[in-house]
Amino acid sequence: MSAVLAVVLPLTLMLLFPAPERYRRLAIALTPWSGAALFLPLLTRPEVAFSWPLLGVSLRVDEVNQPLILLTAVAWNLSAWFAWNTIERDRRWFWSGWLGALSGMSLLLLAGDIASFYIGYALLTLSAYLLITHEHNPQAWRAARVYLVMAFVGEAAILSGILLLAGTIGNADFASFTGHHETLSASPARWLLLAGFAVKMGIMPLHLWLPLAHPVAPVPASAILSGVIVKAGLMGWLRFVPGLPEDPAWIGWTLIWLGLFTAFAGVVIGLTQERIKTVLAYSTISQMGLILAAFGLTILLPDQRNALLALVGFMALHHGLNKAALFLACGSSLALGRIGTVLFALPALSLSAFPFTSGYLAKNALKAAVHHTPAEILGVVLALTSTATALLLWHAWQIARHTRTRNPSLQPSWALLVLSGLVLPWIWAAGHDLIEPVKIYMLWAAVWPLILTAVIVAAAVRLNWRASGQIPEGDLVVLVEQLAGHLPRLLAQRERRHRPHSHLLDRLHQLQGFFEHHQRSVQATGLAALLLIGLLWLTLWN
Amino acid sequence: MMDQLMFWTPLLTVIVSALTGIVIFVAGERHALLRIILNLAAAIAKLLLVVMIGLLVRNGFTPEFRVSLVPGLDLVLRADALSMLFASLSAVLWLVTTVYAIAYLERSPNRARFFGFFSLCVAATMGISMAGNLLTFFIFYELLTLTTWPLVVHNGTATAIRAGGTYLRYTLSGGALFLVGLVWLYGISGPQAFVAGGTLADHAVDARLSLQIIFVLLTIGMGVKAALFPLHGWLPKAMVAPAPVSALLHAVAVVKAGAFGLIRLVEDVYGADLVADLGLDLPLLLIAAFTILYGSVQALRQVDLKKRLAFSTVSQVSYIILGIAIGGPVATVGGIVHLVHQGLMKIILFFCAGIFANLLGVKRIDQLDGIGRRMPWTSTSFTVGALGMIGLPPVAGFVSKWYLGAGAVEAGRTWVVAILVTSSVLNAAYFLPVLKRIWLHPPPDQWPHEARVSRLETGSLVGSAIVAAVLSLGVGLLAGHPLSPLNWVDSIVAGYFP
Amino acid sequence: MTTEALALIVFLPLLAAAGAVVLPTAWLGLSIRVGLMPLPLLLLIPTLEVLENGAYRIALAGHSAPLGIAWQLDPLSLLMLWLNVGMTLLISLHANCSFRPGQPHAHRFWPLWLLLFAGMNALLLSADLFNIYVTLELVTLTAIGLIALEGKPPALRAAMRYLLLALLASLLYLLGVGLIYGQTGVLDLYLLAERLAPGWLSVTAIALMIVGLLIKAAIFPLHAWLPAAHGNAPGPVSAILSAMVVKVSIYLIWRLWFWGVPEWDLDRAALLLGVLGGMAIVYGSLAALVQQRLKLIIAYSTVAQLGYLLLLFPLASTLAFQAASYHLLSHGMAKAAMFLAAANILRSLGTDRLRHLAGIDQRLPLDVFALALGGVSIMGLPPSGGFLAKWLFLEAAWSARAWSWLILIALGGLLAAAYLFRVLAVVCLHPRRRGNHRHLKRTPDTASLAAMLLAVGAIIAGFTSAPILDLVEAGLPPGLPR
Amino acid sequence: MIGLALDLLIIVSLIGLAIQSINAASLFRGILHFVVLGLAMSLAWARLDAPDLAMAEAAIGAGVTGALMMIAYRRLIEIQPDQESSLRPPPSRLAVPIALAAGALVGVIGLAAIQAEPMPALAGTAVLENLGSTGLGNPITGVLLLFRGFDTLLEITVLLAALLSAQAVTRQVDLDQSLTTQDPDTPLVGALLAIVVPLTVLVSVHLLKAGGQETGGAFQAGAVLAACGVLLVLTGRLGASRQYSPLVNTGLLVGLLSFILIGLAPLLWGQPLLALPGLWAIYWIESAMMISIALTLVLLFAGAGSLKRRDHG
Amino acid sequence: MDSATLYVLAAAVLFGIGVHGLIVSAHLMRKLFAINIMGSSIFILLVATATPISGQADPIPQALVLTGIVIAVSATAFGLALMVRMSQETGKATLAVEDEPENDD
């Protein structure tokens, strides 16, 4: 029941929003708390199935979705408070989108079968559109357009994959996937699904929409877009394309290198950006690359699979909370002096894997996992990602310092989110045996990248390196847009001139008139009769 | 008593509408109230009748009416599960459309003619759904052409007349080929009763080529109405008709008659196995697939709302044909159930387009800006329909798409999934911008042509659209329910694939 | 009984015509009734006889065949008689409105009308080639008189042309009859079969007679007289001419062909006639497509539809016979309905130019409906007699594997739809000016009713074919393949 | 030999007159030639051993037709005195070939028919065999009234139909316009009529009576009687009328009615339809027909619905 | 060459003349002459080609021709009346195609 409530409550509230004012009171009162409904299933851990709605719906909470449910519940609810206080114009649309996205997110997280997951996913995708377009300015429209195009590219891949799966195993429960290993590993569905969900996650080169869309949304919306919604793609991976025992190593390696490439490329491009939310968006891309690398490891190292999967969930939780907190920072603080600085710095450091932060935990666990495996070399690379992240966040901080916000105010929800970003991952890690004992070399491994960062920063300041503005926001999308610019012309309807319809008839009329003119004379009929007599004679006479 | 009931009820469904039509003609233009009452009463009576027959069929009876036209040539009306599917769709949508049409045509001239033919059109549709053999099907099929033509040209403008001409050129030519095929088939194997799995398997060896040609002829005949490429040309032009007509043409009567006929042809005359054996399934599949894409691309190019919807229909109806062409139980379910789903969804869209045009004079897509604020309910209904067309859950369209895709994979035609997905993307490409305009753009200062209408009228118009929207949402949401069309179709298809 | 009934069927209208001439105007209505009304009842008696015992033959004046004239009533002629009687009665209902006794042309119209009726009945009964010639002349002369009755110049011209060509046709026929008599020494149609060997004189004779009849039947390319004549005649006259009069000529060709010379090798000639029929279908339809007047469209439609009756020759089977007979029947009713409806429209509008017909369906709904229903049957759309006929034709063509005829028949329906829907489209067009039809004259209800009855008859013919087809089958010439 | 020469002479004149009647410079001369052509035709019939036809041709073909044409011509020139100057003959490059072909067709058919094996003319033989039992001497009358009486019945119906049709197309307005010559009351006319009328009546009665045994018959007699009527009309003794006249109408129909009623009557006592009950019936019908035919022809001539007597002083 | 043959040839020539006249004459009365001449030629043919029965002329063809003559007269009389009326209505006694407006009412 709690699972159903978590899905249906936001949906109901959303449907109430277009209604006239007096019916909306209840909706308004409940909306900031609607995310909290997700805590209930987290506590009750339900497992329910209904046969009659749609193609059958089953909902459940299990190991895989737990961290993400937690993330969603916390980040969404706190962002909702934030939004409640800051969003002023056009609230109906904002909240419709917000609640729709929440409902979709909840459904996809809780879904236990293919169809339900897809329904949630589609709802999420569409509702997020409303969040992105909220500002109604040209940038927003552009971003929304790119978002929608990319979302549908992803959706297409996902739908293809899902239909391919459905054709072989029907609307299967995820729990039963293990029974279909052979089908799954051979099916192109897998690759389609991987690619489709990668769009949502912002894995390069499918990230086009992300650096455009995240910045244009209102602050709280950006927070959940970057913090939570991108994780929907991850959820898809975890559900649909978990690593299989038969998988060859190259799959793992491919994913890992793709993830690492995304991680670094995101940072490089992010460093050239001038708007803080854009920088943060690229940071998200980078971080998701990291998570992809971790996901790749689950395939590469099958014997550590379960631990690594838990780790991936943990990383998602950690990144989600902290990145959401960082985004909220853009909306409120930055001029608030010390408190603001602290509240910005804490999540930033955490993401950079500063010792004893949740990021540190994650990195440590990863490094431990690759230790003494063929992927050992990754240890160094992972450390370098911390350097890169730290650099990027430093860049963000630099921009933030020079940005003036109107009406700065300290939103408690922001502070709470920062706090939960510090605390919750630790609690989670403690509960899931993810805390490695502190060892010096590990500490050092966490610190040297940051020192490297400091050196680079110092050098940059000294040498006055400026890379800003060299790569446009959204990088590749500019090229794509230029190409796509020709499409409307191709599609444009050419008005065909309507030919006078009687043309043929007129011609026929003349012809018939001419014919009849000559036919009417007795002579013609006589001649015809004579000819006919002859013909008949010939044909009768054998 | 029971025997009599079994004999007459199928005919009664046809008679109810036909009689209504005739009485409306006779009553003439002046008796507006009588006409309204009669229309509604007949629609409700028909619905009840269909429900009753539906119950009979569900309990294993097969009501059948039979009369001989020429010795050896019977007119047979029989209610089986498939016919009840189509009949109930028609009955439900007729009721809704009647309410809509009464409000829509308030104060316009020639209403007696309109509603007369409207009723006759439904009678023909009923006949099509109940037809028990190919000849009966053909008779009502042609009757449908006849009765829809006056509706298409109802506006009486030169454009309407031209459109009507185009409509006839296509449908009557198709009908002629149909007839040739029918006679040919009759010559080979006698009257073609609809029997699950077909009856022609015995002739597959000695009359192989004939059967192939006949199939092509019949497919062309039905494909014209189903707007299969390249036989779809009439459909966009027929958009000049009043909105209820477009709605009826697209959702229930005409295109569906064609699609329904193809289902009958493939499943009940030839049988899916024989179609596959004759090598006809792949060409049909290819045509359907191409039509799906072609219709979507064309829809993308339209600026007129109704035209865009029309091409959308071209594309969507081919899903049905796609389903039966793929073969295999799952895809067949998807195809047949789309008959219902597409009907429900498309009728919303046309209702809404009609409301926009009628109340605000909005006909082009670029005029839709901000109409969502002015007409939230209509726009919401439109949104439901549009999302369903794209195939987004939980609207009904998703269910069909799911079954089609899964069925294609099951039948080993994986590439069809690509068609489905591409079509979905294209659908999104031509519907989402419309939705964006409706909801997110600022409204203009003045609407093109604002009509002053009574609340009752607006209520009936919008109400019909909402009912249709609720239905299509409901059918999708409750797809798993034992009484849903999906399960009904499941049981039908179980007969085809024992 | 049968002889008496048949005698009355011929002589009662004749007497009534005489009565209409000789009696004062006040008695005209009575004469009409006496001449028309009892006929269906009278016809019942021979019907029962024929159904029971097959063909019925009367030697007139007691002199049997080679010497005297015989009447022969077989199922086919029975069907034709019924058609003639039924159609004439229904059309008379209409004529009774436009030519109500007391109105200007009534006392001229009715005697001719009754003579035409009697002539047709005599023609259908006659088994004697020369007697048929005389009846044909009677029918032709009365028909032309009826066409020219109202004295409008186009009608007069049309009548004159018809007269000249009909006389030419009669001469050809008469020459043929003379030659046949020279060859066989008999004039009885049913005695020819065994006596007429396909020598080259007899071939010439048959060819002459057939061409003569083809002229009277207005088969393309000998149709030139028909559209103007049927298009300008008074409504009831157009109706009976198109529905029955032209068709009996083709009926006579059937008789000659299948009963007169059944033993001949006719394949090539049959093909020729079939081709003529096909050309008639195509040409008539195309010509109808470009006419600007309703009645001319319907008249050209007759030119086209007559072509189907010739398809019987190449197909030559039981099915084809049923098809042709059924076509004759349903086309007759439909065409009569259309002409009557057109006459009503013409009468109330003062014109039947297409462009003036816009929106007329609101004013004359019943007539337009009759027009449309008749059109449905002509197009061969179901459910209608026209459809069944087309179906049977197609089946016959299929059975004979005659693909070209099959295509032609299918195409013919489409062409018919093209020209008929052109009319209906105009009718549905909104009139440009509201006052377009302000000066409408009311049509009498009976006039519309007659049109409607015939139209409904044409539709109902789509359901009740069995007895008629059985009748046709019973009356087939021997030795026809199924 | 002389016969052949006579035949040739007749034939040449036939051809010449035919050409002239069609191609004569004026329409009037054409009519004259046509009437003479009729007379030549009757000579031809005589040469072809068909005296009945000769008689009929002379009376009907030449006489009545000629009179009808004349009166029609007169009506035409009242409307448009110059009948032909404004007419352009239809362009006809094909006329001669068609005419040649048609002529050749008829010629070949005729020659072939003559050359063909003589077939037993069953019907003709039967007529000659059965004639004896009827009491009639003229086989043609036998054929026309007894053996193929129905033809004759329909034939007078055709004549009636032609009259009715002609009446239907005749404009009724100018009926009362006199058809008479300028000066009807010349004494000579009266005297002439006093001789001619009884004479023609006598001739026609004779023809009628003769018809039974030798040449003659109702048609010939009717035509002669009609000639008398025409004369009366031309001299103004009879005038066209629009008035309904029971007498005229009864006379018009007495032939047809008698034939039908006497033909139907045998059914009452079980005899075959149209089996005439004896010679009296034949004569009765012949006489009635004669009157009807004569009246019909006169009415056709007068272009009128009825006739009425006119008194001249 | 007997007289029957001669008359047959005469009939042929007459028929040709009739046909020619029918075609080339503009005036309706001349067309009626032509038709009548054609009719006469056919009648001659019928009688001339009849086979005598034991020396006696076959009465049947003669009876037929007699009927034919009457019918021809009837038709001619009607044709004349029609012609007169046409002339009254249109001023001309001709069927020239040029006079007819197309599709006349």
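Residue numbering begins at 1 within each chain, and the chains themselves are lettered A, B, C, D and E in the order written.
The criterion applied here is as follows: a contact is a pair of C-beta atoms (placed from the backbone, for glycine too) under 8 Å apart; a residue touches a chain by one contact, two chains touch by 3 or more.
Bear in mind that the values here come from a model prediction, so they are computed numbers and not experimental data.
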{"item": "Starting at chain A, fewest touch steps before arriving at chain E", "value": "1"}
{"item": "Chain labels contacting chain A and also chain C", "value": "B, D, E"}
{"item": "Pair joined by the larger number of C-beta contacts - A-B, D-E", "value": "D-E"}
{"item": "Chain closest to the middle, measuring from C-alpha centroids that were averaged per chain", "value": "B"}
{"item": "Separation of mean Cα positions, chain D and chain C [Å, integer]", "value": "31"}
{"item": "Intercentroid distance (Cα basis), chain E paired with chain C, Å", "value": "27"}
{"item": "Interchain centroid distance [CA atoms averaged], chain B/chain C, Å", "value": "42"}
{"item": "Distance between the centres, which are taken as Cα means, of chain E and chain B, whole angstrom", "value": "66"}
{"item": "Residue list for chain E, restricted to those that touch at least two other chains", "value": "19, 22-23, 31, 42, 45, 49-51, 60-61, 67, 71-72, 74-75, 78, 82-83, 85, 95, 97, 100"}
{"item": "Touching two or more other chains - residues of chain A", "value": "513, 520-523, 526, 533"}
{"item": "Per-residue overlap in chain D, given as positions that touch at least 2 other chains", "value": "90, 92, 94-95, 98, 102, 105-106, 109, 113, 119, 121, 123-125, 127, 148, 151, 155, 158, 161-162, 165-167, 169, 171"}
{"item": "Pairwise chain contacts, counting only pairs that touch as defined", "value": "A-B, A-C, A-D, A-E, B-C, C-D, C-E, D-E"}
{"item": "Chain B-touching residues of chain A, taken from the complex the two chains share", "value": "18, 50-56, 93, 115, 118-119, 122-123, 126, 133, 136, 148, 152-153, 155-157, 159-160, 162-164, 166-168, 170-171, 188, 491-493, 501"}
{"item": "Residues of chain D defined as touching chain A within the complex", "value": "90, 92, 94-95, 98, 101-102, 105"}
{"item": "Chain A to chain D touching residues, read off their complex", "value": "521, 523, 526-527, 530, 533"}
{"item": "For the chain A and chain C complex, residues of the former touching the latter", "value": "505, 508-509, 512-513, 516, 519-522, 524-526, 528-529, 532-533, 535-542"}
{"item": "Complex interface listing, chain E residues touching chain A", "value": "19, 22-23, 31, 95, 97, 100, 102"}
